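In the two complexes below, chain A is the common chain; its partner is chain B in one and chain C in the other.
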Partner chain A sequence: MSVLPYLVAGWIFLVGVYGMATSRDLVHAVGCLSVTQSSTYVLLLAVGYRKGGSAPVFSDIEPGSRPVVDPVVQALALTDVVVGATVTALLLALVVQIAKRHGTTDPDALSELKG
Partner chain B sequence: MDRLLPLIVVVPLLGAALLAGAGRRMPRPVAETTGCLCAAASAGLAVAALAGGPHVVWSGDWRPVDGHGVGIVLTGDRTGTGLAALTSLLVVTVLAYAWRYFDEPPRGHAGAFPALILLFQAGMCGFALTGDLFNAFVFFELMGVVGYALTGYRVEEARPVQGALAFGFVNSLGGYATLLGIALLYARTGELGMAQAGRELDAAGRHDALVLASFVLILTGLLVKAAAVPFHFWLPDAHAVAPTPVCMLLSGVMVEMGVYGAARVYVTVFAGPGGVPAEDFRRALTVLGLLTALTGAALCWQQRHLKRLLAFSTVAHTGLFLAGLAALEPEGVTGVFLYVLGHAGAKAALFACTGALLDRYGGVDEHRLHGRAREMRGVGALYAAGGLALAGLPPFGTALGKALAEEQAGWLTALYVVVSAVTGGAVLRAAARVFLGAGPREEDDCGAPETTGDQEEPETDRRVRRLPSLMATVAALLLAGSLAVGLVPALARAAAGAAHAFTDHAGYAATVLDGTHAAPGAGHPYAWWSLTGVGLGLLSALLATGLAALGVRGAVPARRWAAPLRRLHSGHVGDYVAWTAAGIGLLSALVLWPGG
Partner chain C sequence: MSRRFRLCVLALGLLAFAALFTAACAELPPFGGDRHPYGDRAVHAALLRHTANTVSAVNFDQRALDTLGEESILFASVLGTVVLLRQTSDEHRTVPKPSPVPDRTRRYGLLALPVTLLIGLYVVAHGQLSPGGGFQGGVVVATAVHLLYIAVDYRALERVRPLGPYEIADAAGEAAYVLTGAGGLLAGAAYLANVLPYGTFNTLSSGGTVPLLNAAVGVEVAAAVVVLLARFLGQALEIEGDEDRGEGKG
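Let's turn to the complex of A and B:
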């Protein structure tokens, strides 16, 4: 089993965090949060992968006749996608509202809550 | 009863769906009554489940075969059902408090606010009851997302959306870290159930980097929810701007859910020989708890925005909970359970009183309100009583919990006394200034990095002339609840039983997988008030009163040395994300520390 997918997942997570930390625009930051979340998809699918395995659909193959990849992590990844869509939609709605109230989406210009 | 356990989560979910769908056509009283009824039904179920138990429900009856399986389990042990009951009861009081609260919930949709609160309740109850790691993540995100929506409920205003956004970024990032950890654990054990994963780890018996990494990542998300330093930055921003009823839930139970999750995951999954050594967990939680308690207390004293002051006191008390849970001794855990119960009542009551100030005077700034609330004697008395409860005055439940935790804490006892005295003192100082007009008026210091409380919008349509009696009643009831925790021995006995089961790694797995039920905690000895405990409680209450008296006269100069700490709370999303990433590093270092 190659370690490459695990390294890729870690890399994607860190890139997303870096993007959020240095972001100059909240829409971009929400995008970076989605990037961070993509690392969980990569990791989940990497965990369930089996060499030579096919998709876990048993309509045309006999159960047990050939290796299939783990269907559990695919179900998790699907649920994860739903969660991610909800979070992204809600945060973008908040950003739209911030743009309306403050007239900017630059996090450096938002400094009402401090101390 | 076993079959009814899922209803604790399902009833509020269905109620929320009904209110969201039909809320447009409902008159407001109908929508609010429906919300209250659903929450109360769920509370009744949780209390009934608490009386029996432990309950284990495999959804769809997909039971594990030979300890392996893909079924999802709900585990209603004493701790889980107890938290669900606390959450549901608090939700009922919050819905009562919010009765006719907002002028007009989104125009023409009376069901929106109760629906969101019910969803929030479902998320928290589900998180408390689940015995499955992935489900815990889903419920974590559910309560997170509803929490962001509720924080930013008044979307037409500038501040709430900003606080909700910070809340959303930091919590979602923490949630994804948790999911990464869960995936790594699944890679090692092939199980998602907490009990099964724990058994697999024990069977493997290897203590390696993969297990450590998954432990640190899972804990990250839970500690973000628990607002442990340096993951806490979202909390004051969200609490300062959320509607008051939402603040009561956020501070009263949601933050404590994070503490519960961290301890539960450690005990059920990682506490065995194949997991993370107990001393590593103890070191991590003690250090984080110490940092959190001190930071929270220092910043609590600095605030003039009353909601933000209470928010930082929540941070401080969460630190005490973390430190109390670190050793996972049943006696100390009993103390923390009672502390959480007492704290939920006291803190929710304080937020309720603050909400009354906001609606009467249109602001929550300690300096602007100086002496203006003299006519609200009843609320003032409740507010001061809440402050004394936070400080740990016997016989409040907070004091009993604190006393029991202190007995196990060793040198950390000093931390408990000082932190509860400072947070209680800050509340008493605010009470003396606002309700009695004590001390000189403070001048505004324009250069200091601080959030004033005079830009908050009242949450009722017009300033209330007389306080609705319902609001004051709710606050008084909550305080009475906090008092009852310290006065009813049955609660202490139940908490001791729950704590014994909670700290038992093998016992949890046996309950879930083998169906063996330990005798429900009747045989456990339980501690009650001791002379030392009462003495330390009186000491911290006395210290708090003294601090408040000095603080009113401005004799506690703290602005200068606290300025660097306050500047760190910049309100900048990017900074908070960077701190969260740094926190993952700190947590890893604490777990990996050599010489443990």
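Let's turn to the complex of A and C:
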């Protein structure tokens, strides 16, 4: 099955979206968003994989001596991990304020406007 | 919209996505294949510029402008969190009481702190050579500081973590990245171009501007994580609502 890793990424995405849409707690929804986001890492790294490839780091292997995996997708995934963590922090800060102002973190109970 | 109707709409969307995604996967190059045109070119370009860690070369040299964007997202979300988690007019600060820490935790924490700090700085400094760099090393450095909170108590953490300097360091890290990029303009090349000498392959000073940008990102990420955690710890331990408002009432 040469497409299995791609399908796994799609499955993680679906699970995350399902969790977000059916969530009854905003903290849970933020967690589901992180799961959804991590599906892109799986997809990126799967796209960049090369059979028998080693890490694209030449501090201890001779350049050209063996195949390496694609560094471009790894760079994309790595910056997004840290940036994703801080965006999660921002969303959790919003949840903290919602919990304080409205006394609930259930998205279905937050339908009314409040000044 | 009833819950049932919402689930139906969701199922429709998820099924459509699953069908389209599976069809798209069938057309993708097979997993583990040998054809990586971008990867091959990125490795070639990294080796031309004497950067052993090609991932760092991609991040801080070939796609440096993109990393500036990512870094700005990080900066903006830290700023947003700081603004959101301020003390409001109907809240007050309390001094958290120290609580006893088991001896083993204390010993482990105090032992692990300098080691973690050193590893973090190593990871930042060797970003252009071995796996690591500013993003990863910055997080490790920030973790080291918080071992004090686990091993001793909140007051000890506050003593080594005056928040002002960390907030300035966060901004300074971002500014250093922007200014290093402007250095490329001064040298007569493009913005964020790698204009410094490339150095000897596989040594600390190799890679031109890569180690500088790495350090700038390391400072920013470490300060950002410290500031973020400080705000959340402040909410959890220090800031309390006033009596008349009470918990849970708007």
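Here, the second predicted complex is superposed on the first by the 111 of 115 C-alpha atoms of A that agree within 3 Å, B and C clash if a C-alpha of one lies under 4 Å from a C-alpha of the other, contacts with A are read in each partner's own complex, and residues count from 1 in each chain.
Following the convention adopted for this analysis, a contact is a pair of C-beta atoms (placed from the backbone, for glycine too) under 8 Å apart; a residue touches a chain by one contact, two chains touch by 3 or more.
Everything quoted here is computed from the prediction, not taken from an experiment.
Touch criterion met: A:Val17 reaches chain B and chain C at once. Legend: residue contacts after superposition of the two complexes on their common chain; A:Ile98 is shown touching chain B, with no touch to chain C. Once the two complexes are overlaid on the shared chain, A:Val47 sits against chain B and chain C alike. Touched residues of chain A were counted for both chain B and chain C, and C has more of them. By the document's definition of touching, both partners, chain B and chain C, reach A:Val83. After overlaying the two complexes on the shared chain, residue contacts for A:Val72 are found with chain B and with chain C alike.
By the touch criterion defined above, A:Leu110 reaches chain B but does not reach chain C. Of the two partner chains placed by the overlay, only chain C lies in contact with A:Pro5; chain B stays clear of it.
Overlap of the chain B and chain C interfaces on chain A comprises residues 13, 17, 21-22, 47, 72-73, 79-80, 83, 86-87, 90, 94, 97, 101-102, 114. Considering their complex, residues 2-7, 10, 13-14, 17-18, 21-22, 46-51, 55-59, 63, 67-75, 78-83, 85-87, 89-90, 92-94, 96-97, 100-104, 114 of chain A touch chain C.
Remark: chain C residues 6-7, 10, 13-14, 17-18, 21-22, 25-26, 28-34, 36, 38-39, 42-43, 46-47, 52-59, 63, 66-67, 70, 73-74, 77-78, 80-81, 84-85, 129-131, 133, 135-136, 138-139, 202, 221, 224-225, 228, 231-232, 235, 241, 247-250 touch chain A in the complex. Of all residues in chain B, those touching chain A in their complex are 70, 134, 138, 141, 144-145, 148-149, 152, 155-159, 161-166, 168-169, 172-173, 175-176, 179-180, 183-184, 186-187, 192, 236-237, 240-241, 302-303, 448-451, 455, 566-567, 569-575, 577-578, 580-581. Residues 9, 13, 17, 20-23, 26, 29, 33, 36-37, 39-40, 43-44, 47, 72-73, 76, 79-80, 83, 86-87, 90-91, 94-95, 97-98, 101-102, 107-108, 110-115 of chain A are the ones that touch chain B when the two sit in their complex.
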